[in-house]
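Written out below as structure tokens is the structure these notes cover.
For reference, chains read A, B, C and D in written order, and residue numbers begin at 1 within each chain.
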Amino acid sequence: MSPGRLETFADGVFAIAATLLILTVDGAVGGHGADLAASLRHAWPAYVGYVVSFVTIGIMWMNHHTVMGLVGRVDRRFVLANLGLLMCIAFVPFPTRLVAENIRGDGAQSAALAYGFTLTVTAVFFNLVWFYAERGRRLLRDTADPRVVAGLNRTYLPGPWIYLGATLVAFASPTASALLYLAIAALYIFESSLFGGRTASD
Amino acid sequence: MSPGRLETFADGVFAIAATLLILTVDGAVGGHGADLAASLRHAWPAYVGYVVSFVTIGIMWMNHHTVMGLVGRVDRRFVLANLGLLMCIAFVPFPTRLVAENIRGDGAQSAALAYGFTLTVTAVFFNLVWFYAERGRRLLRDTADPRVVAGLNRTYLPGPWIYLGATLVAFASPTASALLYLAIAALYIFESSLFGGRTASD
Amino acid sequence: MSPGRLETFADGVFAIAATLLILTVDGAVGGHGADLAASLRHAWPAYVGYVVSFVTIGIMWMNHHTVMGLVGRVDRRFVLANLGLLMCIAFVPFPTRLVAENIRGDGAQSAALAYGFTLTVTAVFFNLVWFYAERGRRLLRDTADPRVVAGLNRTYLPGPWIYLGATLVAFASPTASALLYLAIAALYIFESSLFGGRTASD
Amino acid sequence: MSPGRLETFADGVFAIAATLLILTVDGAVGGHGADLAASLRHAWPAYVGYVVSFVTIGIMWMNHHTVMGLVGRVDRRFVLANLGLLMCIAFVPFPTRLVAENIRGDGAQSAALAYGFTLTVTAVFFNLVWFYAERGRRLLRDTADPRVVAGLNRTYLPGPWIYLGATLVAFASPTASALLYLAIAALYIFESSLFGGRTASD
């Protein structure tokens, strides 16, 4: 198994999971017969959920490429950790639908917990992937800059805790929890827009 | 993140979004028990919607490759703009179903507005992708021909306005609006068939 | 647009269309509560349809690669012809479901006609792709062997007529028509198993 | 057809089949209105099925790459055997749903048999792919180490028998059969975690 093969498969799962999110929106708007304009307005949490989950999967994909750009070789344990990560990514459309359908109703807390729990476990697997490769520079390229590696350590480590925090907020207020998931995605876009002007060539 | 990686991911989303369009057709024809011949005839807007959206996604994909062929390096802002574009492309199957199901009924106006609004925002993101790369030749290859670049500027800039115009027509007549979406796709095919004989080698 | 890009996108659509066929089988077997063993036995046309359509899409994919292996450059008209072909390939899961659900009922004729019509148009687009590239060796590599090219001309040309014939049989007997679609796929496998021992290296 | 093309198509089918597994989970949890927390708890077999099938498809994908890494050329019979394998892989989401929905009810035996039968046939096709390439070193690279080849022979040959055994257990106890499918996947992960530290470079 070469790093390139793993990336192709991972790209496929990321792309499919992101694209399947539209089924959530599709399911939120009733068929013909209903008042379509009202139905479209009523479905707004599905649009927000679509955008937040698409951006979150997109961010994970960007980070995954950052990792794979530093990795020069892979072993079976590393591939297994990646399978675990991809299993979480492919799971995201499910809690996205739960939140979109239930955030205004009785199931809001369960839905927000399911969404946050999924993202927390995803972030744990992401750290497993990274730190397995990074520990003792086990799988890193010889050319991987130690300062870049140290920077990623600082960036990725808080991920599970941030999502765990946002998840636990759902016990007090599911709406606040959902707003936190949105804020995390928005912050990343804002930060990338401010500082994301460094280029990588072909 | 290299341009090649971005293209692989983008190709995946384009291909999946186009292929998922068939679910619209599938949902428009009832199960066994119904009069299948009548049901197949009655579902004609779904076939038209399938073709128009497939061609529209295909055109966006071709244009995206034209852009990526001129881009020699990427930064995080550019990747984010691309994520926004792909988020719109993956959204297209949803308004396609709305139009297919509602163009003959009460929801025609809402459906045509939703379809046009999606394509307008898609065209805006496409311009964001292109002009972010093109401004001051920020991300272009050194070999990118200035006349080709100027030609693309002229070609892409009217896109959002054309789709916005077709969208606003829906306030007067949803049917006319839908015919305009069809005409835009048909025009592109016609123009490519007339002038599309220039080749690109491997 | 390079031939390589076109192949990546085409591979994506072929793979997704083939994989989405499972939704036909999934829809043919009821949920819990029903007598599952009886339900699984009763759904046999869905399994046959899954296999026949998967093999048919697989054959088209293999032939598409034979064509792309001889093509050294592409133009926009060629890409458009390919989009038309892929639009047909992505359509196949729909008539597959129609046949699986209706071949034993009143809708058998409509379903068999829809399936055959789809494959006939697919074969027409396949010929359009091939003969546009082949005519006057417009897009062929200089190294493309004229005898191989002549052999493909003889192989691909009857395709639409064979599928049209099998389609028209549905007016007399939908079952005979469905058996012909099965026989065409089976024949190809049989012929490849007998004569398919020539290798291509990396 | 080059080995590289075959791998791209295969990677696509593996990735899509794995990602479509989420539809099983999605279907197991009812819409709004129901008691979501209870519904989420009640759906636990769907989560287990998701993980077991995702891991099983992931293992098949890893083994497929091991095979393709030793294969230096392909012929049409080999591609056909691969199509058969991919047809089985794309089928897996269907019996996964059957087990998830029925393992606690009347249909448990039918569901466990369908799941086991699918994996048995998948393992048969996997052996067909491998032994067709390996017999007389027909399609192997000249550099393929005979000891590695002999090792894979020993590893892959028992696969169909193991799955056939687990399938037949369903006649006595569907639950025991399902636990065996889980144990096979878990064993592989455990074994890879212990011994999977050998690396492959780019």
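What we mean here is this: a residue touches a chain if its C-beta (ideal position, glycine included) is under 8 Å from a C-beta of that chain, and two chains touch if they have at least 3 such contacts.
Computed from a predicted structure; not experimentally measured.
The rotation relating subunit B to subunit C, fitted on Cα atoms, amounts to 90°, rounded to the nearest 5. Comparing the CA-atom centres of all chains against that of subunit A, the greatest distance is found for C. Between subunit A and subunit D, two chains of identical sequence, the interface residue sets overlap only in part, with shared numbers making up under half of the total. With centres taken as mean Cα positions, subunit B sits 25 Å from subunit A. The centroid of the Cα atoms in subunit A and the matching centroid in subunit C are 36 Å apart.
Across the assembly, subunit A contributes 8, 12, 16, 20 as residues in contact with two or more other chains. If you draw each protein chain as a dot and join the dots that touch, you get one closed loop, with every dot joined to exactly two others. On the side of subunit A, the complex with subunit D involves touching residues 1-5, 8-9, 12-13, 16-17, 20, 23, 72-77, 79-80, 83, 86-87, 90-91, 93-94, 97-98, 101-102, 105-107, 109-111, 114, 139.
Listing the residues of subunit B that touch subunit C in their complex gives 7-8, 11-12, 14-16, 18-22, 25-26, 29, 31-37, 40, 50-51, 54-55, 58, 61-62, 65-66, 69, 189, 192-193, 195-202.
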